[in-house]
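Input: structures, listed below.
Look for chain A in each of the two complexes below; its partner is chain B in the first and chain C in the second.
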Partner chain A sequence: MSAEQFIPKRPTETAGDTPEDLYDIVPDGALPQGEAMQKQIAGRRTVGSIGRRAFYSSLIIGIIALLALLYNLVNSMNGLVAREFSVAEERLAGPGNRIEDLDEATLLSLLGDNLSASQERRIARSFGLNSLDELDQVQLVEAVRVNVMKEKVVASWNMTPSLFNRSGIEQQVAEKYPDAKLEWNWWLTPRFLVVPMSSSPELAGIRTAILGSLYMILMTMLMAIPIGVGAAIYLEEYADRNTWYNRIIQTNINNLAGVPSIVYGILGLAIFVQALGYWTSGQAFGFTDNQGNGRTLISAALTITLLILPLIIINAQEAIRAVPNSLRQASYGLGATKWQTVWNQVLPVAFPGILTGTILAMSRAIGESAPLILVGASTFIITDPSGPFSKFTALPIQIFNWTARPQAEFRHIAAAASIVLLILLLSLNSLAIWLRNRYRRSI
Partner chain B sequence: MEEVRGGAEGLAKSGSEVAARPINLKGRSRPGETIIQALLFLAGIVSIFTTIGIVVVLAVESWLFFGSPEVTFANFFGSTVWQPRLEQFGIWALVAATLTTSFVAMLVAIPLGMGAALYLSEYANPKLRQTLKPILEVLAGVPTVVYGYFAISFITPIVRNIFGTDRIPSVYNMLSPGLVMGIMILPIIASMSEDALSAVPRSLREGSYGLGATRLETAIRVVLPAALSGIIAAIMVGISRAIGETMIVALAAGASPNFTFNPFLAAETMTGYIARISGGDVGYGSLDYTSIFAVGLVLFVITLTLNIIANRIVARFREVYE
Partner chain C sequence: MTAPATAGAKTATSTNGTYTLACRDMHFYYGDFRAVKGVTLDIQPQKITALIGPSGCGKSTVLRTFNRMNELIANTRVEGEVLLHGQNLYGKSVDPVEVRRRIGMVFQKANPFPKSIYENIAYGPRINGWKGSKKDMDELVERALRAAAVWDDVKDKMDQPGTALSGGQQQRLCIARALAVEPEVILMDEPCSALDPISTLKIEELMFELRRKYTIVIVTHNMQQAARASDMTAFFLMDNDRAGQLVEYGPTNDLFTNPKDKRTEDYISGRFG
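What follows is the complex of A and B.
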């Protein structure tokens, strides 16, 4: 075997047929041989394993970021708080007793002695109830602490410093707030879920925000699913791909999927809130509560519908495309019409795929906040949404608003609300994955 | 025989009776089918109306904005000062902030996203892939407002610790939202690139291994170039997501327009401006109100251009292997 090596050249127009024209002839010794070759290979392998580690670590960095995000939320969700009271605990509960140990009757009488009837009604309403008698012991304790003892959080800490630097925090509190009581506090409690907004972070809840988000999603889905699936059926089953308008529709949907959500918000603001304000405010239907102001749930739902339509259409198209053609042909062969074929054969088979895509679009819709800011989600709503024409707030809007505030206590409840939102989304996504796996097996 | 013939005759007779009333095999008009098709077509063109709506709304309100005496084209496109109170509307102040945060984001997202995609497609065994991909999907599903919270409450203190509070004087800076946006876009780039890499036929890799190339050499010199169009499209989509992202920058980048490319400083992006103005009490038809449409138009044109380029690249330069 010759030691010369032939490396093929790219063919060029000027090239002839001689070996010099066709090959780069590598002179003897230019490529490593023997020991040098072993060394070169070992070097390339080292580079290879460095590359593999680099790729692997970029994946790990992504996972670490996710873990850091979750840790950060949990870290802010609970921790020590220092509370000050205008009225000392002993004066109400008696020396040596704790307010938590009192029974309901005592607590009720404490409230009755110290508060006016209208104040009592206001407290009951903040728990979503009509009268104080309906409150349970834990709620009564809270009502007494807030309204009679005038409890106030003066400082709060995250979970990690609270766990590992408790003595330092105790010292700090003793110096700065000698009257304060140091307690462990969970910002995410069942109560947090069921009470409405409040201007003080310890009392605030996300009831109105959750209801607003749920109402909005319900209305969005009622509009988006028929339109989205209909469009997908049209494009996959009816449209002639070679006609110019069908091509435009398809290209347009693909481009709309990449439009930033805030642009949809601008569209919603100008069209649904402004131009169609007479209808979206409910004035056209005799609903005059918001004086023709179109910043309502229905405007938000319409905007979000337009936002997630491309997503639903593209997913449903893929699901419909995956239905084998033989099913359609068999149906036509038996004399079914086009719509009978679509309705009885194609849609049932494509259903799990469509459902999965729809749930994913739904979770996108729940997490969306920029368009809602534009169509005017209010941040301070204490009454439950009553219908499509009521003013509203939503979970992401609430998180945004609380995060944007400078006080640390609001950061804690922003984290608590974020956890609720993430749990909601995770359960939706798991449902989608479960459906996908379940139906994939059965077909 | 007679009987048989008679039977045949009978058959022939009944056949001719049928022939006398032939079944019309041409399509009967079915109004139901037509109505359904029309409804489906209507559902299909909702998206066209959406686009028309976006373009008309942005154009009309921007027209009003440029029509007001305080605003000139020269000022809008020529100035670097955005101070509506002083009648200064230099869009470059907002564009600079958008570019800076997006640049930081892409600095994180492109290498990490590509690395993750290469690992998933070229190295990971199917089992590992099945565990790792859903984690990336979770990362992609986190709402942007939660990322915003993460940026301001976790990343900002860390970067201020690392670079010092004298170099990053404010809580608000462009570095922290940029980094978090990079994390947000990482899974988008990773998943789109991974699709492109997986579409490269196995024979190309086998050929490369056969010539003695290592896994890394095969991945970088053979698979990556073959999947380049898909990867460039992924990067384009990533950039357009970064430019259009609102909540992270609205929470962590600051609320004062500032012409600077220094990521350590606070500055307001285009999306941040739109969110801040529309979140406040803004009078319809006021200059503040119409200005968000002008900024929105610039944003829309930039992202649409990027998306169209991405779609074109995918369609035109896709290497098709049999």
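What follows is the complex of A and C.
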């Protein structure tokens, strides 16, 4: 017999008789048979379909909640307002004319006749421009209404009553404010986005809040992503899981992810604002504007970084752990060092997962308000943040502040700002998801 | 012509005195558990050596001690010597990276990188300090793929991911990847266990080609494969402590037709009467 010629042998049966009950495995009556089996299967299917319906209802409830939120925001965001003017429209525009129909030259001369040069400059600045000549017709109309006609909102309504009870509102206005003009008003306008904070709700905008939020997110991500991903790589690829100190570190990170954000605020206040105030105020680097007050963008970014670090680390760890070991072995087998293996094989495969975790962390960071209140976000800032040592405000802070004011009009602009915050969040997330998908396709 | 069958025997009667790789009374531990006991084995140059034996007998562990792959698992330890051309691979001054550069490996499950076919091959030279031009690299990639008999399958899709190939093509791509750094020895850990018979045959033919230049060590569960596609065979078995040991080692034809040890005969005849 040569080595090439093996013919596998057939399995042989055991010699002798097999006992009859050898294959009687299930005791009689222990498993339903025949009709009972069919009934039993139908019962299991019923349980399954009840479960399916329950999950479906949860989904519906979720969608309803989301729609209710959106309705609530949109409802507050537009509606009728009653405005009174100290100077009547006819006196400026001429009898029968509307101020909106005047051309730019007429509007400019109206402003010039009624206002001082310094007032004009202030108005131009409130639009983010240097001189009134640069304003377009719509902006000029607004400038005239506010500064010359001294427009004042005396009452405002939400969208729903404005749509369905217009006659009632008109009657009410006619009784209470006979001189007032009833108009439909959108609180979320392009102007709302580009003008800074103001003490009157019709003039207020969220320019400084958007810039503050964007600056803060940018700085936070610049700090949190390298530190978080680095820590995750170390914990997954280098650290020995079995040592007691690494186990303590891991447990701590997991627990830190669940610490309430206000606690991080207290921490940030104590460390970044107070203890490190010399550095976070910029005094150490020659910025003296803050007089050593550490309530700056950099303090907020550092605090939020601490807050989202555990999230980023845990998600990046999951992503790195999901990289199949066979890839690491293949790389080592070719003579790669640990660094080459991690950098060339593990990280590229883990990258989309790491990005997903980062998206989640970013969403959390942009919506946080409690820690920002503690580290001293200002609520009334009219100058743009100019760098890490600026005083700042952020969108959630602005919204929180506005909802707490007594005038109803502030609630309208709070709703408008909430919509902006949601849109900002969605666009940042879409950007990250787009990046991730693009990367996934390329590997 | 056989290595000593009993564990712990010190002297290695090598077949003809020349060897590429060798174990000298090698013991391997996972923590406190001894997985391999006293293996002494000479791997001859430019031969295909098959390691066979039942599951858990330590043959894969022995294979992985040859390129220090076991070190990637925490709490493992090697006693005794593993020699490459007489140099102890576990010596204090030896870097495991150098060992793996000189002794390539092909794994049980084909594991191409999730990158293009070209990048799969180019990765090895690049991480090992490649200094040639782009054109040289193109040629190297082609030569490696030709040597692994997979060039004709992939030449028109070098930019496509290696993971999109069929199982057999992936495994040959992995062999090409290992060849691209010109190792001295190629270790194969059950390279055909997930492949169909036609792909298996292609890999076996490829091994015979590669034998002209390379020393090949292959672990296999498939007795027929060991019998038809190897020059030397080593039979491993678990002892009563569940530690694997070398039972018999010799030319494949002798070992399968005329086993010296009763246990070898039982194992071979138990399955292939």
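Please note the rule applied: the second predicted complex is superposed on the first by the 365 of 443 C-alpha atoms of A that agree within 3 Å, B and C clash if a C-alpha of one lies under 4 Å from a C-alpha of the other, contacts with A are read in each partner's own complex, and residues count from 1 in each chain.
As a convention for this text, a contact is a pair of C-beta atoms (placed from the backbone, for glycine too) under 8 Å apart; a residue touches a chain by one contact, two chains touch by 3 or more.
In this text, all values refer to a predicted model and were calculated from it rather than measured experimentally.
Engineer: Answer with first, second, both or neither: which of chain B and chain C does A:Gln329 touch in the superposed model?
Structural biologist: A:Gln329: touches chain C, not chain B.
Engineer: What is the contact status of A:Gly357 with respect to chain B (first) and chain C (second): first, second, both, or neither?
Structural biologist: Neither: A:Gly357 stays clear of chain B and chain C.
Engineer: For A:Gly294, is the partner it touches chain B (first), chain C (second), both, or none of the two (neither)?
Structural biologist: In the superposition, A:Gly294 contacts neither chain B nor chain C.
Engineer: Under the stated touch criterion, which partner chain does A:Asn252 make contact with: chain B (first), chain C (second), both, or neither?
Structural biologist: Only chain B; A:Asn252 stays clear of chain C.
Engineer: Quick one: is A:Thr337 in contact with chain B, with chain C, with both, or with neither? Answer first, second, both or neither.
Structural biologist: So A:Thr337 meets both chain B and chain C here.
Engineer: Is A:Ser369 in contact with chain B, with chain C, with both, or with neither (first, second, both, neither)?
Structural biologist: First partner only, chain B.
Engineer: Identify the partner contact of A:Pro388: answer first if only chain B is touched, second if only chain C is, both if each is, neither if none is.
Structural biologist: After superposing on A, A:Pro388 lies clear of both chain B and chain C.
Engineer: Of the two partners chain B and chain C, which one touches more residues belonging to chain A?
Structural biologist: After superposing on chain A, more of chain A is contacted by B.
Engineer: With both complexes overlaid on chain A, does A:Pro196 touch chain B (first), chain C (second), both or neither?
Structural biologist: neither
Engineer: Please write out, lowest number first, the residues of chain A touched by both chain B and chain C across the two complexes.
Structural biologist: 337
Engineer: Could you list, by residue number, the parts of chain C that touch chain A in their complex?
Structural biologist: Touching chain A from chain C are residues 67, 69, 72, 74, 97-98, 100-102, 104-105, 107, 109, 111-115, 123-124, 127-128, 161, 174, 177-178, 181, 223-224, 227-228, 252-253, 256-257, 271-273.
Engineer: Mind pulling up the chain B residues that touch chain A in the complex?
Structural biologist: Checking each residue of chain B against chain A gives 30, 32-33, 36-37, 39-48, 50-51, 53-54, 57-58, 61, 111-116, 118-120, 122-123, 132, 134-139, 141-150, 152-154, 183, 186-187, 190, 214-217, 219-220, 237, 240-241, 243-247, 250-251, 271, 274-275, 278-279, 284, 292-293, 296, 299-300, 303-304, 306-308, 310-311.
Engineer: Of all residues in chain A, which touch chain C in the complex?
Structural biologist: 1-4, 6-9, 240, 242, 324, 326-337, 340, 344-345, 348-349, 443
Engineer: Could you please specify the touching residues of chain A with respect to chain B in the complex?
Structural biologist: 44-45, 47-48, 51-52, 54-59, 61-63, 65-66, 68-69, 72-73, 76, 226-231, 233-235, 238-239, 248-249, 251-256, 258-267, 269-271, 274, 306, 309-310, 313, 337-339, 363-364, 366-370, 373-374, 376, 396, 399-400, 403-404, 411, 414-415, 418, 421-422, 425-426, 429, 433
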